Amino acid sequence: MSTNTFMKNATAAPEFRLLVIAVFIFGLMSVLSPDRFLSSQNLTSMAFQFPEFAILALAMTIAMMTGGIDLSVVGVANLSAVVAALILTQFSDTGMPASQSAIWLAIAITAALCVGAIAGLINGSLVAFFGLPPILATLGSGLVFTGFAIAMTGGSAVMGFPETVALIGNAKLVGIPVPLILFALLAVLLHLILTRTAFGLRVTMYGANPLAALYAAIDINRMLLKVYVIAGMFSSIAGLIVMSRANSAKADYGSSYLLLAVLIAVLGGVNPYGGYGRVIGVVLAVLSMQFLSSGLNMLQVSNFARELIWGALLILVMVMNTHAVAALRGSFAKSSK
Amino acid sequence: MTKLFPRDFWTRNETLVAGVIVLFCIIATLSDPRFFTITTVSDLLRASIVIGILAVGAMLVLVSGGIDVSFTAIAVFAMYSSTVLSLAIWPGIPWPMIFVISVIFGAGLGAVNGFFIAFLGLPTLIVTLGTLSIFRGFLLTFIGSQRISDLPPSMRDFSRGVIARGTTEAGNFYSIPWAVLALFFVIVLTWFILKKTMLGRSIYAIGGSVESARRIGINVKWTQFFVYVYVGALAGLAGIIHGSVGRMADPFSLVGLELSVIAAVVLGGARLIGGYGTLTGTMLGVALIVIVQNSLIVVGIPTTWQSVTIGVLILLGTGVPAYRAKRAAAQAG
Amino acid sequence: MSSDHDTAFIDLRAITKRYAGVTALDSVDFTVQPGEAVCLAGENGSGKSTLIKIISGVEPATEGTIHIAGQERTTLNPRISAAAGVMVIFQDFSLFPNLSVAENIAFATQLSTHQRFFKARASRDIASAALDRIGVEIDLDARVESLPVAQKQLVAICRALASKAQLIIMDEPTTALTDKEVRRLQGIIRMLKDEGVAVIFVSHKLAEVLEVSEKVVVLRNGKKVAEGPASDFDTQSLTYHMTGRDVPIVPPSDVTAGAQTLMEVKGLGKVGSFADINFELKTGEVLGITGLLGSGRTSVAKALFGLVAPDSGSIRVDGQPVPIGDPQAASTARIGYVPEDRLTEGLFLSQSILRNVAVGRLDAHTSSGFLNMGDLAEEAAEWLRRLKVKAPDIEAPVQSLSGGNQQRVALARWLSRAPRVLILNGPSVGVDVGSKADIHDIIRDLASQGIGIIVISDDLPELLATCHRILVMRDGRIIDTLDGKSVTEDDLAHRLAS
Amino acid sequence: ADGHSKNIATVVKIAGIQWFNRMEEGVKQFAEETGMNAFQVGPAQADPQQQAALIEDMIAQGVDALAVVPMSPEALEPVLGRAMEAGITVITHEAAAQQNTTYDLEAFVNEDFGANLMEQLATCMGGEGEYAVFVGSLTSQTHNQWVDGAIAHQEANYPNMTLVGDKNETFDDAEQAYTKSQEVLRAFPNIKGMQGSASTDVAGIGRTIEERGMEDDTCVFGTSLPSIAGQYLETGAVDGIGFWDPAVAGEAMNKLAVMVMNGEEVTDGMDLGLPGYESVSLDGKVIYGQAWVNVNQDNMSEYPF
């Protein structure tokens, strides 16, 4: 294949348009508020901000690839964080030497990941074995997970962690924020899973045609379980980052992230009916959102307007991706007579 | 002899949901005999009005093969802006006019959805997810974000209007507001459209197969457009009722409820793939959600566990029929 | 010629239809006179369905003019076309699974009368009249989704009959019908002709084609390559025009089955569906299973592959029991199944050809957790080459292929898994003659390699051309076992219908 | 920044609602009087993470001081810690337990405010009977402190009153408060009093009371604003509300911020020169005023917000 056609294919992809949009927003904000938006302060601050919801968007992505959705991500994140936080506050204290608290931190992280995995197993079972529509299964289970987090804490925040906990969400490794590193690792991991493993290909194929997947002897139940377990564990990682950044855990943290995660995944080009989605698209969508959001904050634009712009951006991208304008012309040409 | 029950009576979702409702009521009555009173019934009925109207709309969209998550934003937008408009130009405006304005606003916003979905052919979930943000963002940015409790007086009059109100000899209070008639009207109108007009049958047909519908000459675009406009109008109606009866135009309310409403509709047997859904089922689904949400104190569930309880009930309510359907499909091969 | 154009009900001139990259029709002239039965023949992908979509207004033509009933139609949509009297039975039926039989049949008719209100009674009347006309009984209140394929096709036919059409277009209406029903349909076509209704008939079953039509139009690669009275054609010449080459008429299979027992099915039964199914399949044997509509053929086939859980019985491959009701177990036991309905069951239409083939071989090409994409593509390409799949690019979505090529892709998936037993349900449904002969060759070739093959079909020549033995089913039971070499087509037809 | 004009960002829980619009009036007033660049921002959704992100952005754009009303104080510790490290003066409000703050300004001691509402409720109920309490959410610390303070006050002083049921959760939604209060009435028909916490609570409760014509049989008190509860105060469905003036609080926060930046010291008993904060008490980093206002039918017209 010549580089020319390669370029042509690459520029025709929906992800390319997202790249253009991301760059455009970045450029616009830089122009509108050059000294502030381009300050290293701001760039670092943005890098600390987005990984929390970006990881949730990754969790959403894999669920959507199967034609499902995971509305329990925030519930799982908070339940995991609450469990980790309870372990930390029970067994360690702020004055503990770092070496000791690190052990407890490791245990707490393991516990959180287990919570995510179990929650994923529950979601997966509801979808695979009981045949619930994912949107309802995870809506219900999300309430249950959040409910458990409330019941375990009585609704108040769990706090008082050893200092090591703060590292996950606030430290830098060779100048790069740790949450950003975590997000990058997870994004690469998910990309590899989806494009380079048998499981990932099956996920895509199942999303494209579940019935054909059945006839192709794909073990659908196992595959769905894995999908939701991955989504659950990603959510717990997001939960741990939130916990570290908030230095506390609570049942209602990040409640606005749910719709945001759905919005980002869809903006990133993931087909909510399954069968198509690329991690790079999701990453670009996340960046666009963050640039927009921080930029508008600097310009002191009302945060409500930001919601408006998000929604408009989503629809704009869709109009560009599908040949909607041609469709419109066609539909009026036909009905005009 | 006419059949007493339809052939599939015992296997229908409706039957199951009705069963769950009866079971729940029995348990509630056993745990507190006062549960089963006219007071409870009238309280629940009032709580069902707004959700019920919204659910009818959500059902219609599901039947047509789409999904709408923006209807709560439409409801709030229509309610709030019609209130603001009325206060600005004619505070003494009679309530039916405010209602009409709100319904028109709702229909207009529904038309925005309809335009993107029917004429631009964009996926319904994405469009309505986008317009949810847009409508809400626009409302709060440009129209207002304050709760207004100084409503036009006629809206308060509406909220005080009752069909029946009183206290039984046993001391049980009941009150049936006018707004119930709106729910009743919406149900009858929608029933008529769905069952008795070609338009309604076309909505089912499109939900069954868009391509087939197009091929036999159904005007798919205008039918879809109608669905979203109608649903927008219903949302406008639900919104203004919510505002009047609650005596507060709160631009932050309702949004966030959309998924629960859709859950209620699916509980009642509508399918997310389109083509299936009945009004009876929808109302039963609404009833179940409303009963559960408003009986947890009576049943004695601590506040900290209420979220878990509602979640489990949604899972049971949708899980049991889903599991049975799965089994039945496996049986049939 | 000009008088032809004057009187024609349908008159297409120089119609060209281009899809992105494909010229599906290339300057085709096409006329249909009132009351004429025209047969549209051509290989898969030759443009038959496209021509039909243009006449019925589903797709606009890129170039050319369309006259219907003497009037030029610059804008055409299904509504206008239907109003002008054109009714179509689409290849995929285009029914509404969620609506009742009555509504499915009557909907188009009621729509065409511009009525605003829906009358349930009228709808039932229209439907039962249509059903009566072809002498079929189907529960009017049943939901179409619950019907077997053949009945769905009958419903689609009734829908076209119900309307007061001037022209009925049937795009492969007989694929799911058994012989008896095909005869009935031919009777209907004659009846329609007598009533002055024109018919356009698309089919791959050449005998049928010649039997019912007056005029034959042959398309190849989007071009009209032959046109004339049906009496001018025979199977041989028709095949020649369609394929551009002579397809040899293959003699019945001469590969001998091996001696080893490969698969053993004992006492397989499922309440309400089939019972007491016993047979053995030897290595290299091709076993046919046939039967009338609803006889349980498909259910048995699905049970063998684990898609249906039988209540009783056992399946062994190479003497090892295969857990029943589990497709993965069946697949591990190297049983393969190519389903009847390519579009919904067989293929992932939006996915690439490569993926459609490779999905069966993912685990084999996984090392240390990751797929070896190169190997996967190489292997898939090799199979596509062996099965002579005509595809522009292995990364193209499979929906861009024509029916015959799609079927080969479905076959390639299972062949790449080196199956011991391969179950083919309707291997040549909706496949053109050229491809069909190829597929039969492939079947014989596979058998000669020692694979046991089960062919489920009601295409009798196909069964005779490929099978060593044929099981005949009725009411869920095997009523006959016939020897493929000695049985004749008439004999088989007789046993099926008796 | 130069010594005169400073950038002071007031970050509130959520933008646009009455309460914080009123606070913004105070912030603007302050900006006008002092010529400082004082402005107010808030997230679009009531989510601690959104507020944290907003503060993060404010730090990045280099404000000199932050006046924060935390949605969830714990969640803001790290980000406020970073702010202080960056040399930004931080003043918080409604967050007595906040660690990373220069000073926290409280209109009053939360438990005392709850007890104050309870005192009125108890008086209205004649010191006996059943009552129920409502909170916006179980996760809201201040709401819980008010209610806990109220219950403690009742237990200590009014033994003949009994609390029935749990803390009822209304999710800051009048509709929820309406249905919850109906349910409470069904479950406990003898109930005499209800105390709300979220500003919408008494509106929902009042609607229930009015609908059932129980204005004279019940006592309803809670935190709210006249603009929200006014119509129910008029009819007597709600008997009284308490609040503090957010405009004054906003102005006070900004004033404090400037004082700190100018190196002035806050001392116990100091006069901030604002109503309710004439003689503040200092407890560690927490500055308490006595700024609550009790409003009923008679004096509601004095508070037009």
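Order of writing sets the chain letters: A, B, C and D. Residues in each chain are counted from 1.
Methods note: a contact is a pair of C-beta atoms (placed from the backbone, for glycine too) under 8 Å apart; a residue touches a chain by one contact, two chains touch by 3 or more.
Keep in mind it's a predicted model, so treat the numbers as computed, not measured.
With B-D and A-B as the two chain pairs, more C-beta contacts join A-B.
Of all chains, C has its CA centroid at the greatest distance from the CA centroid of chain A. Inter-chain centre distance (chain C to chain D, centres taken as mean C-alpha positions): 72 Å. Computed from the mean C-alpha positions, the centre of chain B lies at a distance of 34 Å from the centre of chain D.
If you average the CA atoms of chain A and of chain B, the two centres end up 30 Å from each other. In this assembly, the C-alpha centroid of chain A lies 44 Å from the C-alpha centroid of chain C. The residues of chain C that reach two or more other chains are 77, 307, listed in rising order. The set of chain D residues touching two or more other chains comprises 15-16, 44, 138.
Multi-chain contact residues of chain B (touching two or more other chains): 137, 140, 145, 304, 306.
The chain pairs satisfying the stated touch condition come to A-B, A-C, A-D, B-C, B-D.
Contacts from chain A toward chain D in the complex involve residues 36, 39, 41-42, 44-46, 48-49, 52-53, 150, 154-157, 159, 166, 169-170, 242, 244-248, 250-257, 293-294, 297-298, 300, 302-304, 306-307. Of all residues in chain B, those touching chain C in their complex are 7, 195-202, 204-205, 207-209, 211-219, 274-276, 330, 333. Those residues of chain A lying in contact with chain C across their complex are 192, 196-198, 201-202, 204-205, 208-209, 211-219, 275-276, 333-334, 337.
Put simply, chain A touches chain B in their complex at residues 71, 126, 129-133, 135-137, 139-148, 150-151, 154-155, 259, 262-263, 266, 272-273, 302, 304-312, 314-315, 318-319, 322, 324-325, 327-328, 331-332, 335.
Interface residues of chain C facing chain B in the complex, by the touch rule stated above, are 56, 58, 77-79, 81-83, 88, 90, 93-99, 103, 107-108, 110-112, 115-118, 141, 159, 270, 273, 299, 302-303, 307-309.
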